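So that we are looking at the same thing, I have put the structure below in structure tokens.
Each chain gets a letter, A, B and C, in the order it is written, and its residues are counted from 1.
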Amino acid sequence: MGFWQRFLQLDRKWIFLGIAIVVIIPLIKPIGLPIKPTKPVIDLFTYIDTLGPESGPVMVVTGFDPSTMPELMPMEQALLRHCLTKGIPVISFGGLYPAYIGMAKMAIDEVSADFPDKKYGEDYVFLGFIPGVSAVILSIGIDIATTFGNDYYGTPIDSLPMLRGVKNYSDISLVVDVSGTSTPEYWLMYAQERYGVNIGVACTAVSAPAYYAFLQSGQFVGMMGGMKGAAEYEELMARKGYPTGRRNATIGMDSQSLAHLLIILLIILGNAGYFIVRRGERRRGIIRRKR
Amino acid sequence: MSISTSIWVWMAALLTLMVYSFLYKDNPFYRLAEHIFMGLSLGYTLTILWYNYIIPRVYEPLFLPPHQWSLIFPILLGIMTFGIFSKKYSWLIKYPLAFYVGGYAGLRIPLLLQSWIIRQVEASFLTPDKFTSLMSSINAILIFAGLFATLIYFYFSKKREHGFGAAAQVGIVFIMVAFGAAFGYTVMARISLLIGRMQFLIHDWLGIM
Amino acid sequence: MRRRLPVIIAFGIGFAMLIQYFIPHPRSEEFYNVIVQQWFIIIYAFMYIFALRSFFMHHITKVKKKKEGYIFSAVAMVSVLFMLLSGLITSRGPFFDSLYNYMIAPLQGTMFSLLAFFIASAAFRAFRARNVQATLLLVTATIVMIGRVPIGDYLWRGMPDLVEWIMTVPSMAAMRGIRIGVGLGAVATAMKIMLGIERSYMGGE
């Protein structure tokens, strides 16, 4: 068996080891490659940055569970930090499925700890999970207080100072869906199309390509896509001098770069081996026929 | 380097390593972690449902003043779903399903048409504001042509010959570019998930970073 | 009647919700509010029963018949009860939160992170440029993979802009075409459900 044939049968455990190494090493010894923000992220950042304490609240919807936490938690935390820094009232909505509320609580607990001057109920509120998915999105457009009744902690919505005068989407500046699934499409259909509220998206890299169509049509005001999108938002926050926390997404970018290079190398080597082996087999076939 | 002294962090690290043991081969530690996860996450969902839904939206409106007796009707319809537990009464579940699925079907039609079709087609039209520069003009024409060619590619009711076949070929070029981009993004997403876990092990558990 | 009445219900409520969209009268809005805020939300919550039923049926059967791996099924059921009791006893207190943050989150996150290893293995073993179309796909993927990470900008300043152009022009055009096709299909399916042509969601007899 030739070298390339043996190489193509490489035990996958070596590939696993390679991936682990290229991910771990930059986390221990960072390279520090610069992050260049792209237009969709700049658009979302700029939209929020133009808001202020007198604006209607920004609703940050947690639409992810731990399976997509590394990509989306940095986005959610960056959004919450941005709003709290600018004094924009924030409604943190725990999401459309039960598994999301833990992520929402994690995010709001961690970020609020960095803003001790911000008061719950006045600067930000945390709304719990209500089953119904699309029905909940539609119901918020009718009346937030009737939809939720109480916040996550059991406090009646009517008694929260921040939500006095906030009846439905017409009083909300922006809904940002931080989503690991297709829930931005629901927000688009049921919230924006029906009630006209502006929608921003923070999504996984898997979903991002499909949402460019909505960006181009203006249906989404901006988008963060994948861990790179989160890193870009963190970079924009840093450039403005806003508190960024640990910048988990930025830290991961060096590992992301090297891992991508390794995968490209694997694709090239795999294809090279494939074509070399195939060419050799063809040649042997020709030789056999001549005999 | 300062290893964590929190029992919770050690628990999380242990469970993480138990799952990663699958990379070597399937083993009882992985299966144990898998089943613990299944059970805990279902228990979590049930708890959230109890506190966020059953108590404030079913129990309190019905049994505490002011009583909203009108909720009896949707609750009865919801209770019909329990018919699935019995072979004799399993047909009852058709009613709540018909109500829910049928209602949503009607609700979705105008919203789908508007957001997924009309607005998307509208954004593709070659209007004068798209021809402000050479690059924007080329892009606008490419978007229009690409959209048209893609739609033609997915139209299987006509034989692919002459101009129609050529347009379908152009469509496949755009589709392959889109799928390639999607694949690139998918790789990015998967690697990000690994980076997140490694950050936890290296920073939160081992305290190296 | 058992077969016909649900179809009539589906048509009735579906048609009502469809025309309601076009009627701005207060009664129409009230009807919409009641259906959405009460009926849909309440019925949806009961559907979580399905998840419970299939989970317990599967694992109880496994334990009863002592099938291979039944110990793990017992662990799964004990875990459900443990989590449920923790939440109820502590009223979703810090212990309950810690179970989520340090057990559920790491377990789920790690399981999905395994995909990174498998995609790397698949990249080496399976992604072959067998024809022109596959080559185009792989070349685009390579450009996007390099351009979407900081090293792309480091290697060539124009790389991020090239990737952005790919995403906003050719890729977006095809995705939009697919989206329109899917939208038309979804509208057709919704019409079929309303008209009773599509009944698979109701299950068998």
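The definition used in the following text is that a contact is a pair of C-beta atoms (placed from the backbone, for glycine too) under 8 Å apart; a residue touches a chain by one contact, two chains touch by 3 or more.
This is a predicted model, so every value here is computed, not measured.
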Furthest chain, CA centroid comparison against chain C: A
Chain pair bearing the highest count of C-beta contacts: B-C
For chain A paired with chain C, centre-to-centre distance based on mean C-alpha positions, whole Å: 16
Chain A and chain B: spacing of chain centres that average the CA atoms, whole Å: 13
Chain centre separation (chain B, chain C; CA means) in Å: 3
Chain B residues counted as touching two or more neighbouring chains: 23, 41, 44-45, 48-49, 51, 53, 57, 104, 107-108, 111-112, 116, 120, 123, 143, 178, 181-182, 185-188, 191, 193-194, 196-197
Set of chain A residues in contact with two or more other chains: 16, 19-20, 23, 67-70, 102, 130-131, 134, 138, 205, 208-210, 213, 216, 226, 228, 256, 259-260, 263
Of all residues in chain C, the ones touching two or more other chains: 40-41, 44-45, 48, 100-101, 104-109, 111-113, 116-117, 119, 123, 138, 142, 145, 148-149, 167-168, 171-172, 175-176, 179
Of all residues in chain C, those that touch chain A in their complex: 32-33, 36-37, 40-41, 44-45, 48, 97, 100-101, 104-109, 111-113, 116-117, 119-121, 123-129, 138, 142, 145-146, 148-154, 160, 164, 167-168, 171-172, 175-176, 179
Contact set on chain B toward chain A in their complex: 23-24, 41, 44-45, 48-49, 51-53, 56-57, 104, 107-108, 111-112, 114-116, 119-120, 122-123, 143, 178, 181-182, 185-189, 191-199, 202-203, 208-209
In the complex, chain A residues that touch chain C: 8, 10, 12, 15-16, 18-20, 23, 33-36, 38-39, 65-70, 102-103, 105-106, 130-136, 138-139, 142-143, 146-147, 205, 208-210, 212-213, 215-216, 226, 228, 253-254, 256-264, 266-267, 269-271, 274
Complex contacts: residues of chain A adjacent to chain B: 13, 16, 19-20, 23-24, 27-28, 67-71, 98-99, 101-102, 128-131, 134, 138, 149-150, 152, 185, 188-190, 192-194, 204-206, 208-210, 213, 216-219, 225-228, 248, 251-252, 255-256, 259-260, 263
Residue numbers on chain C that touch chain B, as the complex places them: 2, 5-7, 9-18, 21-22, 34-35, 38-53, 55, 69, 72-73, 75-84, 86-88, 91-92, 96, 98-117, 119, 123, 133-134, 136-145, 148-149, 165-184, 186-187, 189-191, 193-194, 201-203, 205
